[in-house]
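Think of it as A, B, C and D in the order they're written, each chain with its own count starting at 1.
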């Protein structure tokens, strides 16, 4: 050591991998350079891990979807088609990069970069294993919400810059969905934060002596629904509904830009699954062996991805107004109920220091599961009336009708 | 059970009462009417409670070289009978017939198709444009003299 | 009840996850092909062909081109012509099989293959030489005599021209060779036994 | 504050993921609401009617395969009925039964496609489509046994069918019927009462009975509007007077009813197939006719069937020659499109595709 030392309280100080690289680099380099180098190296690792993960998810999703649909899925490249993402990438990179006539070149080009960047930045705070997050921010949840909202700007820019009407449709839809669903998602996360008593993702994992999907089933449900809407996944995939508006906001993208958007989407699926694992499935905490944390984390992430693919393979898509109805009239009340119930429970159950014991969590579980079932059933019953009511907005021009035939109708 | 077909004679008698001068001739299967009178004939056949031809099955056009013939296959869902009305259209330059689209909306595309492929113009049709081929196509392909 | 049907749907897809895929990975696996399959390349027996060009006349698209000249080698056969050209333009063929139906001498058969992709359109014309040299794996389409012997084009051996005809059939004994084939009772299996 | 908006015209098709071929509608949207609709046809126009005037009566059968290529058998049937009417002949009973059987199998296949794509357009990512195609493949295999081809079958001939079914066809058919019960149940479990599907289709784009009749709509679309009209019942052809089946009739004619009617018709077709198997008896399958047919000069015939899309009619006029003097095809898909405007106006972009899907058009038949 040539006198350099890392502040263990700093944002990156708690990361053992970063510390290792820093210390090695500090043998030969000045302190500031070692810090930069260590930062770059760890960023490189993260970026590649996330993009590789996105590639694996893209392959896994297609394989899984294939099996759900009773067919094989991609199987030409590599064992079980596992090299398919590489083939896709090679194809997309070598394709002509088309910018449509009349498009806003700068905005059009910036979109894929923003989408991938916001994804990567958000991934930085997810703890992959015990103490292995790039940074364990004490406002981790807030950070994720803030950074992932950048996507909606990118999507709208894409739709606007493409000079394509389908893209504009998609962008309008996407923004409407993203902004609306942000609200119940935030509210459901509030419940998580209240019980955990911290916004740091590391602390939230530690707080889950009982996984939060049991403690707060309502929040889990709302978060799952909200996130599948934010990811544009069935049944909320109106923004890129291919049977209606071709591909939505990325209709005009091709080549490497398309590859980046796809990477952001599949990476998004991976990120959200990881987030669900962290927030509701107790993250890296497993039944045995803390050093196997990465394995538990991967398994839980896979559960999330599997869930998304399963739902995607089964359900048709809702209409935009119905999605809005589901958001404001179904998920919103549910998240409010969850917030109120959890707040009351925490208020009455917490001990003097404000902490909750495992027994308290089990009590909450026992209360919250019936509450969840009842409120979902109740609001589901209400929504059933609301969603069906889809009155036409303008009168249809009726064809010429001359008298009604006397045939019996029925 | 098969559908009863109204003989041309019955149709002709009723039509002669309602729309005089429209009927040209008739045989067992069909009644021939003048093409200009087709709209009023259609309105009568549609509205008459005994005949009640509420449903237009098909309009066919045949090029017999010396004249075109329009064949209207009609039926009544309530009375469960069918009937055939025909019409001879003369002239090869600009043959015209009265449109029945105001009576049967279902004639819309069929009349446009006949105009497109056979070259019979229907007066009173709100949108007498070519349907299969593009505007500006030379000739009408289903005519016998089109090669 | 709200949500129950959706759960039922989820269950359906989950059961299908465990099921074997129903698709066929084409180049490695192949669909089982029925002997009646109307395949792309035609099977033609020059020995049986009289050059009557019934097939060419009956083809809805007119893609069979036949040129004949009087045969010097077999003058005793009378109606036998020497075939100079027998071209089938595959690029326009729609494999309706009417040519096979029209052939009164059982000289033309549908084939059994379907991999006839070529880089040039001219390569898609089956010439008389190719027809002569090809392995004879006739499809049993419209050839009940082949179905009667349970011939499987993909599996069984190639057939020679003596084996594919229906000479031992009743109608053939009743009528002269060269009559128009009329279908109908030709499918009557009992006719086979009386020869 | 008022926000200034302006209508936006979009060409939906001819290249669009879900326009059933090369159908094109020019639609003006106000936001997502449809305010103006104009169907544009003709991208697949091949002049079948003109071609038929230059083919002999049997050769035209091959053209009919290519009209509605999802229900070739029924097209064959309609044409052959028209020719038989023209010539005044009737096929032998076994031929009639084989035709009925093939047509009903084809109806199942066609409805499976219709349902699969309908749900695909609702946004289900391929799963219902794969399940319906799984069953349809089996039907196509059966067709391959019958006639050596899967889609362009050319199975039927004036005066019957070209050849009897091979011996291995019957066990394969039984096997299919047994398996298909389960597969159909699976599809029904997945779709028939699915809440999302209900919510998307119930009450959307209803078609009142009087409008349906006035627009000459036929087939499942007409029946979904509450009108009990099926040509198989009203004017039975081939062996339909020998079999029992029910005609499913909808209520309001909305998208769900159209979907529901098709699902029920699959069940009824299964019933008919089973009855055909039970009733069919050995015998000739085809009349002994010359290969080149001639009809009386001046003879005319309008043969129609209940095709999977609606009333399919062939109006044949003969001048005594070897080919029809005029062969008019009354195509259900084209005439069912008359209601496009009625179905779409005032509804949303997302409903547009679904409503078009629920009408189940086939461009091969629309443009001909």
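Going forward, a contact is a pair of C-beta atoms (placed from the backbone, for glycine too) under 8 Å apart; a residue touches a chain by one contact, two chains touch by 3 or more.
Keep in mind it's a predicted model, so treat the numbers as computed, not measured.
A.B. asks: Just how many steps, at minimum, does a route from chain A to chain C need if it may pass only between touching chains?
C.D. replies: Minimum step count, chain A to chain C: 1.
A.B. asks: Counting only C-beta pairs in contact, which chains form the busiest pair?
C.D. replies: A-D
A.B. asks: With centres defined by CA atoms only, which chain is the most remote from chain C?
C.D. replies: Checked the centroid distances; the maximum from chain C is A.
A.B. asks: Taking each chain's centre as the mean position of its Cα atoms, how many Å separate chain A from chain B?
C.D. replies: Here the centre of chain B sits 62 Å away from the centre of chain A.
A.B. asks: For chain A versus chain D, what separation do you get between their C-alpha means, in angstrom?
C.D. replies: For chain A versus chain D, the centre distance works out to 43 Å.
A.B. asks: So what's the Cα centroid distance for chain B and chain D, whole Å?
C.D. replies: Computed value for the inter-centroid distance: 25 Å.
A.B. asks: What are the residue numbers in chain B that touch two or more other chains?
C.D. replies: Those would be 54-55, 77, 105.
A.B. asks: By residue number and range, which residues of chain C touch two or more other chains?
C.D. replies: Each of 2-3, 6, 9, 12-13, 16, 22 in chain C touches at least two other chains.
A.B. asks: Can you tell me which residues of chain A touch two or more of the remaining chains?
C.D. replies: Chain A, residues with two or more chain partners: 68-71, 313-315, 384, 399-403, 405, 407.
A.B. asks: Quick check: in the complex, which residue numbers of chain C touch chain A?
C.D. replies: 2-3, 6, 9-10, 12-14, 16-17, 19, 21-23, 25
A.B. asks: Show me the residue ranges of chain C that touch chain D in the complex, using the header's touch definition.
C.D. replies: 2-3, 5-6, 8-9, 11-13, 15-16, 22, 31, 33-38, 58, 60, 94-98, 101-102, 110, 139-142, 144, 147, 180-185, 187-188
A.B. asks: Help me check something: in the complex, which residues belonging to chain D touch chain B?
C.D. replies: Of all residues in chain D, those touching chain B are 41-42, 45, 47, 49-50, 211, 213-217, 227, 229, 233-236, 302, 304, 311, 313, 315, 317, 325-326, 328, 330, 334-335, 337-338, 367-368.
A.B. asks: List the residues on chain A that touch chain D in their complex, please.
C.D. replies: Listed in rising order, the residues are 65, 68-71, 165-166, 168-169, 234-235, 237-238, 241-246, 312-322, 384, 387-388, 390, 392-405, 407-410.
A.B. asks: Any idea which chain D residues touch chain A in the complex?
C.D. replies: 8, 10, 16-18, 32-33, 35, 119-127, 130-131, 134, 190, 194-200, 202-204, 209-211, 213-215, 226-229, 249, 251, 338-339, 341-342, 345-353
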